[in-house]
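Below is one structure, written out as structure tokens; comments come after it.
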Amino acid sequence: MLVFQNDYSEGAHPAILKRLAETNMEQLPGYGTDHYCEAAQEKIRQACACPQAQVRFISGGTQTNQLVIDTMLQPYEGVVAAASGHVNVHEAGAIEATGHKVLTVPQHDGMIDAGELREYCETFYADDNHEHMVFPGMVYISHPTEYGTLYTKAQLEAIAAVCHEYHMPLFIDGARLGYGLVASGTDVTLPDIARIADVFYIGGTKVGALFGEAVVFTKGNMPKHFTAQIKQHGALMAKGWLMGLQFDTLFTDGLYTRIARNADEMAHRIREALRAKGYRMVYENTTNQIFVSFDHATIERLEREVRLGFMERYDDDHTVMRICTSWATTAESVDRLIGLL
Amino acid sequence: MLVFQNDYSEGAHPAILKRLAETNMEQLPGYGTDHYCEAAQEKIRQACACPQAQVRFISGGTQTNQLVIDTMLQPYEGVVAAASGHVNVHEAGAIEATGHKVLTVPQHDGMIDAGELREYCETFYADDNHEHMVFPGMVYISHPTEYGTLYTKAQLEAIAAVCHEYHMPLFIDGARLGYGLVASGTDVTLPDIARIADVFYIGGTKVGALFGEAVVFTKGNMPKHFTAQIKQHGALMAKGWLMGLQFDTLFTDGLYTRIARNADEMAHRIREALRAKGYRMVYENTTNQIFVSFDHATIERLEREVRLGFMERYDDDHTVMRICTSWATTAESVDRLIGLL
Amino acid sequence: MLVFQNDYSEGAHPAILKRLAETNMEQLPGYGTDHYCEAAQEKIRQACACPQAQVRFISGGTQTNQLVIDTMLQPYEGVVAAASGHVNVHEAGAIEATGHKVLTVPQHDGMIDAGELREYCETFYADDNHEHMVFPGMVYISHPTEYGTLYTKAQLEAIAAVCHEYHMPLFIDGARLGYGLVASGTDVTLPDIARIADVFYIGGTKVGALFGEAVVFTKGNMPKHFTAQIKQHGALMAKGWLMGLQFDTLFTDGLYTRIARNADEMAHRIREALRAKGYRMVYENTTNQIFVSFDHATIERLEREVRLGFMERYDDDHTVMRICTSWATTAESVDRLIGLL
Amino acid sequence: MLVFQNDYSEGAHPAILKRLAETNMEQLPGYGTDHYCEAAQEKIRQACACPQAQVRFISGGTQTNQLVIDTMLQPYEGVVAAASGHVNVHEAGAIEATGHKVLTVPQHDGMIDAGELREYCETFYADDNHEHMVFPGMVYISHPTEYGTLYTKAQLEAIAAVCHEYHMPLFIDGARLGYGLVASGTDVTLPDIARIADVFYIGGTKVGALFGEAVVFTKGNMPKHFTAQIKQHGALMAKGWLMGLQFDTLFTDGLYTRIARNADEMAHRIREALRAKGYRMVYENTTNQIFVSFDHATIERLEREVRLGFMERYDDDHTVMRICTSWATTAESVDRLIGLL
């Protein structure tokens, strides 16, 4: 069976497994206070060109979103997100479980618009009754988005400008950040992200690590007693060095972006083949997720040999499927997939 | 100054004040365990034609919504509401503060559509990934709605049918229930409400009481240890009889509906006058709230002598204002208002 | 039946009912923004000799405790209280329901000791591991305590000194504050309370009001967007003026302390009679609650004619009962009670 | 530097790393739905002699405690634990953060007593006022306890009997379960645990795994939509198979208990040496944690070469230190430690 279902189907890049084996019996202090975490933090600060960045490692994406949003919001605030945002749709209510509303603005290919965000805030503060409403307290975007699309640097800066005008930190979910940074046509670099966002995370789980996300607070704004708050959320790993070591490896000699590039290149080849055969791309992007509309006969035929992701009904005859590549996708499996299309 | 800003600008119907004075020094057990509460509960059960109804008194609407929704939902469930629903917009995040997401469906003049509700549920359960989403766990509607509109009996029954198909209790917010029950053209009675809803409340704060809402569980479905849960929400009044006495008064000799009728009749007169002068009603209804579009000169002129409610911008030149009557609105003040239009 | 079960068995002082009747049809803005609330706030500021005090009215004690504690604590903080504190024992988990732990220190006749509080804090901060523990974030005491006892001014100042050394606001639950302020032998005045506490409340429900507590923030430290937070907790009364009017009445011409004095005097008479007959007082105090140990035959005999409060088993043969007086207790009922002892 | 600070200083048993490497590029479905999880679940069911057991894998201990307690309790219930219980002291308020109070009973060498538990419940239900209190909803114990002590089978059965009499599930925190099962003198087996507890977990993080705890529901009582609830708590690992694979390895050919035995044997040797030199053991136990009282000169001397855990002040001259062994402790390091004592 070919598998293009998601970007977390395999373990870790072999360089990570090698280092885990090499350091396995080293005795290390717990909870992320070890020298591997320190080294990884320093490498991330350098890659971000953000010497003041405060970096912590959390084991998964939903956990990171829940933790960052809950610890940065005041109780009377909610987080503004695209209607299609992961925190709004696919986290089983993890944000609300911590007491905060997700306030939605329209999505455009998964992205929010700075103008509409400003309008949202203006309308809110113009309402005499806004003390009876949930205050917009931070803005959550994902880059790449849930549909694989990418903001331009100008778009990010415009969103950040609105955020700061209304005293809302900008939080960028970078679960697939690597695939965005190396995408064809993007003008957004990691230092740009660190400069524009108030907090963001560098996804490891989907980009070469066994697990782990590196949360980066860029303005000296890490919440007070953050360790206690991580612990309270059940998110403090005893063997925190497991994540330090992984990120140290990923941020040594550019491994993180190097392996991300493979995913985008493989996706590009599949996309070209799909286009050549006349299939319709539902969201245009240059990252590792392909959203394509197939008729039901095609789906039935493909699913005999390939595991794809189901997205949504397109029309009576078509369904949107997701084809996902990753750092681990091989050229051989791509060739086989293309042969089946 | 004329006041048509809302329906909670005055105290209570004089009959209530009279009984408060008469019973003031009677020594009563606390927390709603007194004989006035019992009498009121029995009168409500009879008015609802629902002998098995379990009735409790809560001091305000947001508190009631928060309490009912939180105690009836499982932790993994959210409440489905119209995008315009009070719980979604104007409760400062009270629902999310208890850990539950408000799941929205489109509103049509403040109402939800049974067909769209079914579609929402079908789509949810058809999604392979729905364990990563918030389960629709109950349905919240208001009757009258936030725009003063009323469901027909057939519409309520259709919504209830979807609710029960998907094992969701139907919760009707009746903050203004009185004004709905006596509205011209409605075919929905209090026994209908009690038969169709799984839980609802009879609003007192806006319909003649100093404060208080009577929550009615219609199917023997009051949450376990509900007193403890009320207490935990900070909502257990020491002198619970204050609400029992008020509802006992309101449900003696039909006082509740009799005084509600005044509000609808006064609103009808204002509406007729507005129409006669060519103003545009933004939501058509027959209850005590009038939503009318005024140009800015008219608003400026009126506001010198009348306090109205601001609703929302209509277009560049017009704004939607709310004119609200109540059980306490006098014919004289209506005459004066009409004179000013 | 004689009733000495609690101090919230009757309605309100007649002066309050009179004013409710007089102002009943006055049209007032909602949510505590009316002129009666303003007047009451000003009178309370003056009675407290605290011109900068920020005053808000909340309908009940548990609600007030939950709201104040939740809005003043950081998420990683708990509230320190006596093991016997109301928030620890008798609020059905209302504090924990908002996410905060109640951290207990020993109680001595219902009071905490400044030395033990300091020791608690020292031990906490000395622990290398304290980021894995709940931070002591504020201190809650009641005055009078749950056992009717009173702190001296020196004791309160000593507790406040520890609080401020460890950056914890001191919160005084004054559900029965009136009965404490006028108690025989106390050296604590209302201005003392306002000077020593960072936040406290003046109980109305148990001291002459139908319902309502006046929360006083004494240092310009009312939580940000407090109205929104009250609303979010379901605690924002539509007709907020009902509480403003009551407190305005209670703080006109010293009514609050005048009616409180009756309770303490009646309790004194009962206490003297109990002592004369050789009964044992379990907690010594001079306020309106008497905790007395009765053998079972006495209890059985008394309960035929008097409703008392059950406290706890004392030994195999005795039970501690509470005899409670209030602003409404009559000399006649006290005489009858004494006759029965 | 010798390290005896805790039992999570090293990575994983080499057999686990080997299998992670072997299976690294296998493409697996996410969220614990893979065949390694299934195999591990089946092996655990067999080791527990509990064919109906429902097994899930969670990445850490605090997360597991928070999740199990929150999903099994009703909102009005708290969890009963020893005052020294991990959930009460060292989880930064993770239980309260989900809305539940930790109700404490006395600890005796870290253990609770069935008789005192019954008394707690009797007193609770005998209190007329218990609807104003937090209901005891489940019982949490740890085995081994935080002090390394072990319940006997009779003690566990007595506690379970009280639990079931009062309709409370018994939850056993087995973060160090392996070290308890193989301890000298214990009569408690894994099938005993599975038979007596309603839910428990088998600790991996401290017993040979990189991370992971296996939660076992023994009575078909796994909470409804548990996957959604795990997700909502931020605890659903994308690559769930990482834990399945580890537990599959640990439960193949008795690896789990085999490696646990090493820890207890090493601790036994250290304990004998301590006793021979006249040191005082503060808690007697036969598992992998040694609590010993050292004078300050000894501590100063030792800490130059060994990293130990600080526990608490014993008296003016002595401090209780923890010496902790694990599956990874070598005989050589034990010899060196003994040489230093």
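Here the chain labels run A, B, C and D in written order, and each chain numbers its own residues starting at 1.
Throughout what follows, a residue touches a chain if its C-beta (ideal position, glycine included) is under 8 Å from a C-beta of that chain, and two chains touch if they have at least 3 such contacts.
As the structure is a prediction and not an experimental result, all values here were calculated from the model.
With contact taken as defined at the outset, chain A and chain B are each touched by C, D.
Across the assembly, the mean Cα position most removed from that of chain C is the one of A. Mean C-alpha position of chain B lies 34 Å from that of chain C. Computed centre separation for the pair chain A/chain C is 50 angstrom, with centres defined by C-alpha atoms.
The set of chain B residues touching two or more other chains comprises 75-76, 91-93, 97, 99, 131-133, 228-229, 231-232, 236.
Note for the complex: chain B touches chain A at residues 75-76, 78, 89-93, 96-102, 128-129, 131-134, 310.
Residue ranges on chain B touching chain D, taken from their complex, read 70-71, 74-76, 99, 131-133, 135, 224-225, 227-229, 231-232, 236.
For chain D in complex with chain A, the residues that touch the partner chain are 3, 5-6, 8-12, 14, 17, 20-21, 23-30, 59-63, 65-67, 91-94, 97, 205-206, 210-211, 228-229, 231-239, 242, 328.
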